[in-house]
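All chains are identified by letter, namely A, B, C and D, in their written order; residue positions are counted from 1 within each chain.
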Amino acid sequence: MNTAIILALAACSMALIAALAPLLLRQPVAQRTGLSLLLAASGLLAMIAGICGLILGGDTLILPLGLPWMPMHVRLDALASFFCLVIGSLLLPVAIYSQGYLRDETRLTSLAIFMPLFVLGMLGVVLSDDAFTFMLFWELMSVSSYFLVTFKHENLENRKAGFIYLLMAHMAGLLILGSFAVLYAAAGSFEFSAMREAAISPFWASAAFLLAGFGFGTKAGVVPLHGWLPEAHPVAPSNVSALMSGIMLKVAIFGFIRVCWDLMGSGDFQWWWGALVLAAGSSSAITGVLMALQQHDLKRLLAYHSIENIGIILIGLGLSMLLAHFGHPMLAALGLVAALYHTINHALFKGLLFMGAGAVLHSTGTRDMESMGGLIHRMPWTAALFLVACLSISALPPFNGFVSEWLTFQTALMAPQMGGALLTAIVPFSAAMLALAGALAATCFVKVFGVVFLGHARSEVATSAHEVDNWMKVGMAIPAVFCLLLGLLPVLFIPLMDRVPQLLLHASLADSIHAHGWLWLTPIDVAHSSYSAPIVLIGMLVLGGLAFWLLHPKGRTIRRSVMWSCGNPHVNARMQYNATSFSQPLRRIFAGIYRAEEELHIERSRHKLLADSVHYAVHVGDMAVQYLYQPIGKLTLYIAKLLQHEHQRGIHAYLAYTFITILFLLAVYI
Amino acid sequence: MNLFLATLLSPLLGGLLLALINNPRLAARLNVVTGISTFIFSVLLALEVLGVKSVDAMDGWFHLDAYNVFLVVLTAFVGMTTTIFSGPYMRHELENGRVNERRLRLYHSMFQLFQFGMLLGFTTNNIGVLWVSLELATLATVLLVSLYRTPASIAAAWKYFILCGMGIALALFGTVLVFFTSSAVLGHGNEALNWTALYAHAAQLDPAVMSIAFCFLMVGYGTKVGLAPMHAWLPDAHGEGPTPVSAVLSGLLLNLALYALVRCKMLVDGSTGTEMAGHIMMGFGLLSLAVSALSLHKQRDIKRMFSFSSIEHMALMTFAFGIGTSLATFAALLHMTVHSLVKSAIFFTVGHAAQAMGTQKMAEIRGLIRHHPGIGWGLLVGVAAIAGFPPFGVFTSEFLIFTAALESYPWTTVPLLLGLLVAMAGLFRFVQPMVYGETPDYAKHVHVNMTPVYIHLSLALLLGLAIPGFLADWYHQAAALITMVAPSAGGNA
Amino acid sequence: MSAILIQQLVDGFAALMLLTSFALLAQHRMLSVLHWFAGQGLLLAATAAIVAYGTDNEELYISALMALLLKGMLLPWLLRRVIRQLHVHREVEPLMNSSMTMLVALGVTLFSFHIIQPIEKTSLLMTRDSMAIATACVLLGMLMMITRKKAITQVIGFLAVENALFFAAIGATNGMPLVVEIGIAFDVLIAALIFGLFFFQIRTTFDSLEVDTMNAHLIHKDDDE
Amino acid sequence: MSSASVQIIQAVMLLLFAPLAAGFISTCKARLQNRRGAGVLQPWRNLRKLFKKEVVMAHHASWVFRFAPYIVFTATLMAASVVPALLVDTPLSLTADVIALVALLALARFFLALAGMDIGTAFGGMGASREMTFSALAEPAMLMSIFVLSLSAHSTNLTTMITHTINTPFALHPSLAFAMVAMVMIAVAENGRIPIDNPTTHLELTMIHEAMILEYSGRHLALLEWAAMVKLLLFSTLIVDLFMPWGMTAQADLTGVAIALGLWMVKVAGLLFVLALFETSMAKLRLFEVPEYLSGAFVISFLGLLSYYMLEVGA
């Protein structure tokens, strides 16, 4: 029972205490402080447990809860401790952030109960070592997040989003249950340790893989099944949607890795598994970012971006599976490390983005980007921290987003010839898709930062915005610092993550990473590729400082006057580019994918050519909802209607039914 | 043996006494006292029986073993909590003039008579007396369903009476057929109708007659369990009757019918040696799951909707008993317990909700959480429990049913999963708007007694998280008893 | 009386039983249905007495007497009183016209003979093919309930099924044990009382005994949105 | 001379020669259009003038607008110093491989676009939107051409690629040819040259790069102009390095460096002349024809990849 697993269980118990606290503390202030205090402690403990688990190695434990003949098994191996680290690293800042964010909420009890339960569910899933515990905590996570999504259930939008969310979560749960059942049939017992040793036939292995893939894919928001994500995340309170986007999607990725890599015999994948994951990853990345570009609701845009980043993680995983199948353990380890690196990166910068969006929502009261603008003058701190997150997510050098995308590119570029022509074409093509997604992400975040923070305020709501309090600033500062550190010192973090491929693929990157000292990141060997973030940053700072000092001779101040705009000074706020117009070129280029519906009506009272007012709105529907969810919904209702007619007949019909049933039974069985 | 008689007679005496008392307040309190006394006696009886594995009383007329003693305790417990709930509920109905003193008296006495019929049915060793007790329970419920004397409730009662009457007649014919073969082996006395004797000589019974008998018994008791396509009476009976009756009806009466069906299955398996009975039950289970899950989507009345949910869960239990392995039977017994607890809790909350909003039409019930947090959250958590979300017991039992199904008949897991998903969608489709949103202005304040609901839900929670040791091996004994006779695949675990 | 004679008598009564079931199906007027039903009750009592005598089993005499009192006299009298008070007359089949019902009835009888076929070979009791007839009567009783509109005729159908069951109990198994017998009789009696109770309520609330009007009240609850 | 000193010379050289290169292109175009042109040193004069001029900024311009020029200039300069022009193996070449180089330029572009949007004029937003969209579409083509090159050299480090191309005997590899064409097309798009964007014009509706720096004045404008010129020279050096690196010295001795410098100047001048020729003969594409141009570049680079696998792998 080493320290790591004790710390992990301490984190879980902290979350449990936090869940029970609201029953004692009644008034909102006490509940809020209790909630953020206990969750912060839980986050800190989870982080330390993760780091200890990675350094000292894991341990297993059996708790006396659960079914009599199958108690709860708990395991903290390298994979679990890494994801504990991910959960903890975002939970700590979000907990601090919540202290400020929930300041003026009156009805807090349901949030104060279900948020810790949500955290407990995630930690439980990461730590579980048998199918029953996994499913128990998995569904606990889904149900508690459902209650969080419907926290503000006054508006209809929350309720509809909540319903779809719960339905998809339940479907995912059932699919995962299916895959566990298949593994149970092969292993004869629910414990993961038994499932690992069990020899499973290729057919049933593929069945389990597909079930787990679709189940975890639905929960992670992979493209065809992602319809619920852009509905559910924006309506939840911002600190919760930070947790949901930041961590819950990662727990789904954890589940996928645990089931498909760890339980089904690590390393011996079939080739089409990797290809399928790669294809799903690239299509998610592209669709996610393309749909994100067309949104003008800030949090809905960020939710779509989560789909893109999950796609990037899946590209890393898919490459690693392919390479593992074709017998390149070192490269497969690199792919896995790239995916894990992007997991923690995404948790951090997406958490920061949602917290920033929460801060904007908190002070302006709206999520619509069309009514924001010029907030950098009224919310300087939030703007600066939001900019850090934008740089990280757009994968730009000094920050962490670039390191993980760079590693994924290296895996793709260095993948030697694999199998037939089809495969050799897919890998570079998906690398190109990754590049396109990265660049479009940069476009999208220029739009977000530009429209929200820069330029003139587009509404009086934006003008009356105020800077957020210190709690929220600290809550946002922590992930920003982490983003910079992860971006500058990858060589220190990768050995920590390297334990996971050692566990799963029995291959390690350790020696090649340290080949060139802590400054240079050289994944395979120095001749292949190397990148040194610290030198880049120092170089830029030196050159920048030099240029700034040289160009500032004594006493030359900057004269402020009216903006130039080609000599047309009276420009009002409506003449700026806003969210819809910024993405207009892309809407034209990718018109085939979007199928946007534009409505334009112009009032002309005076003369045919003189327009009084022009109203223009564009709506881009989500393909998954239109072509997947609605048809299934209509089909069920249609069958239900048919059945309903059966219930409106008189007593004679029912007597006849019984009569026919008895005759049928007798005829068949005698 | 006095414990056994006490358990049986206390509801009978209570019923008779209540028939005489006119003052509603006193009657309500006596009703609760009778419920509590029955429960206490049943618990003592259970402790005694468990010590000695099985007990025969009154020279073979009554037989108690691990299987039916657990059902007796469950019936008594849910009966007790329903009496507690029905106190304030019926007083509210009295004030609103939906029921007068005379009919309230009828309600109390019939309620206890129903309870007596249930306990008699579980404890008797004689399949004839089992049929009589079921008939008695049906007659009591007919009067209870038509309590309000509204046109709809009378029509519902009539429909219930005709359909169940016919169903039970078929079951009687099945019993006669069983007696026809058993008298050839065991002679003409009562001996030929006792479960214990029948099991001992199951092999000598004529398989052809037994399979015909099972067909009649299946359709007969199947009607009472509410399996499709004989389920038409259930939604109306639930919809029109007073809520305590619906709670008891779906919580307990269906269990008794299913108990009888499983007894017959054990018998038929013993004599035919084939898996015919199991397959028929699984077929009916899947059909009812499909029908109920789909018709959940098209309901307008809150109680009718939850009655379809009862059909869905009875279908799951029939399917599990049909599989026959000891894991499946364990799961079915657990499901039966948790379903009774959670479904009756839901009906209590629904009763209060309907009274608060003054209507049973789901379109007009809104903003329960805002109106009365107890009702709102109670309903939401109850529906989450019944839909099979952890940490409640329904999730555990559905998980075990699923794995048992996968072990013996893997292809059945697909319709099972689909059915569960569609049912969950249907339930939440209606519950969500009812629970959330702003409170409408026509909502009245109503005196609410939510303690039974909280007791039931916490018990279900306990069953989900960590099933207590004694209850687990209680199920194991019952499962072993049931599968020991059945020739089907040897049960593991 | 020798065993063979008793056997022939029981078979004769079984045939008469089948005849009454068919007759009940064919009647149009309410009173004639009632008369046939009373006839069936008497027939049952006679069969019970004969079988009791044949197997000199005393319990059976009591159930024969109960059958005579209950099914032969009390129920028909009760129903006639109700009919006269509610002055109900013609009866129209909603589902199928009478010839169609007859065809179905024949089919059902043949079917029940077919399913009872394997059993007959093994039974030793003196009532060889009465089980087949009993099954037929049960199914015909159900058919009658299905094809009738009026509540009263449905009740008579239900009681016909009970009669068929009673006949099965006596004919095939020489009578169920007494306790069970009393229980069944007791239930049938309560059922009849409740029917009586219902008729008056249905009459007052629906002012017609048509089953479909009652259903209308249930159906409106489920109108489409 | 140690390689570090060559590194510094190289960086300073790139910085100083950039305006000359820009001047060289404009004079070539002038000569081709029968005009005298303003002479090669004109960009130098502009920069000197701008450095002395007073900076005027809008009232509500934020710190992003103020520091963007410095970040853009330093990022581009950092990228330039990483690219080996004369010496094959410079100490800084390890800090960033080709992908990191592209990312540095992306960082510069990111801040430029933000600065464009900061003032809140229509032109700034238009420029930012178009710049980001078209550069995003250029990314996959750029990466695919790098991919083709790295396939043969099995690396993305510039030094390894250069040494690999120098050592292998000269042979016409179709994949390299395709990659070169794609790279040139991308370079033209990235630097906002004629078919995509007209660097000389201030015609509001057509300009992309100019629109973003419309609001700048004084030394900020100078820095941005200079950065654009350095970027042009950087891309031409990159193309020279990857496709015709012969003549670059391996050792850091004086004679080697001098020869390398001479050869480098000749090669870059030739490349820029071809660019000027291309620009005078081509008119600017309609705005929404640019995606076709860029997807054309992507298809060409993908052909390069296929030809590498079909033809060269076998050889």
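One rule holds for everything that comes next: a contact is a pair of C-beta atoms (placed from the backbone, for glycine too) under 8 Å apart; a residue touches a chain by one contact, two chains touch by 3 or more.
As the structure is a computational prediction, the values presented were derived from the model and not from experiment.
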From subunit C, which chain is the farthest off, judged by mean CA positions? D
Taking the mean of the C-alpha atoms as each chain's centre, how many Å separate subunit B from subunit D? 79
For subunit A versus subunit C, what separation do you get between their C-alpha means, in angstrom? 70
Euclidean distance of C-alpha centroids - subunit B vs subunit C, Å: 30
Here the gap between subunit C and subunit D, centre to centre from mean Cα coordinates and rounded to Å, is 101
Sequence positions of subunit C contacting 2 or more other chains: 115, 118, 142, 145, 154, 211, 215, 222
Multi-chain contact sites of subunit B, meaning residues that touch two or more partners: 158-159, 162, 166, 170, 208, 212, 298
Name the graph shape formed by the protein chains and their touching pairs; answer line, ring, star, complete or other. other
For this entry, which pairs of chains touch? A-B, A-C, A-D, B-C
Residues of subunit C touching subunit A in their complex? 94-95, 108, 111, 115, 118, 139, 142-143, 145-147, 154, 211-212, 215, 219, 222, 224
Within the complex, which stretch of subunit B touches subunit C? 126, 128-129, 131-132, 135-136, 139, 142-143, 146, 149, 151-152, 154-159, 161-162, 165-166, 169-170, 172-173, 176-177, 179-180, 183-184, 188-190, 192-193, 206, 208-209, 212, 236, 239, 298-301, 304
In the complex formed with subunit A, which residues of subunit B make contact? 158-159, 162-163, 166-167, 170, 208, 211-212, 214-216, 218-219, 223, 229-230, 232-233, 235, 276, 280, 291, 294-298, 369, 384, 387, 389-391, 395-396, 399, 402-403, 406-407, 410, 413, 417, 420-422, 424-426, 428-429, 432-433, 435-438, 465-467, 469, 472-473, 493
Which stretch or stretches of subunit A touch subunit B in the complex? 64-69, 132, 135-137, 139-140, 142-143, 150, 153-154, 158-159, 162-163, 166-167, 170-171, 174, 177-178, 181-182, 184-185, 636-637, 639-641, 643-644, 647, 651, 653-655, 657-658, 661-662, 665-666, 669-670
Please name which positions on subunit D make contact with subunit A in the complex. 51, 54-62, 64, 66, 70-71, 73-75, 77-78, 81, 92, 94-97, 99-100, 103-104, 106-107, 109-110, 113-114, 116-126, 128-130, 132-133, 135-140, 142-144, 146-147, 150, 154-157, 160, 204, 214-215, 217, 219, 223, 287-288, 291, 298, 302, 305-306, 309, 313
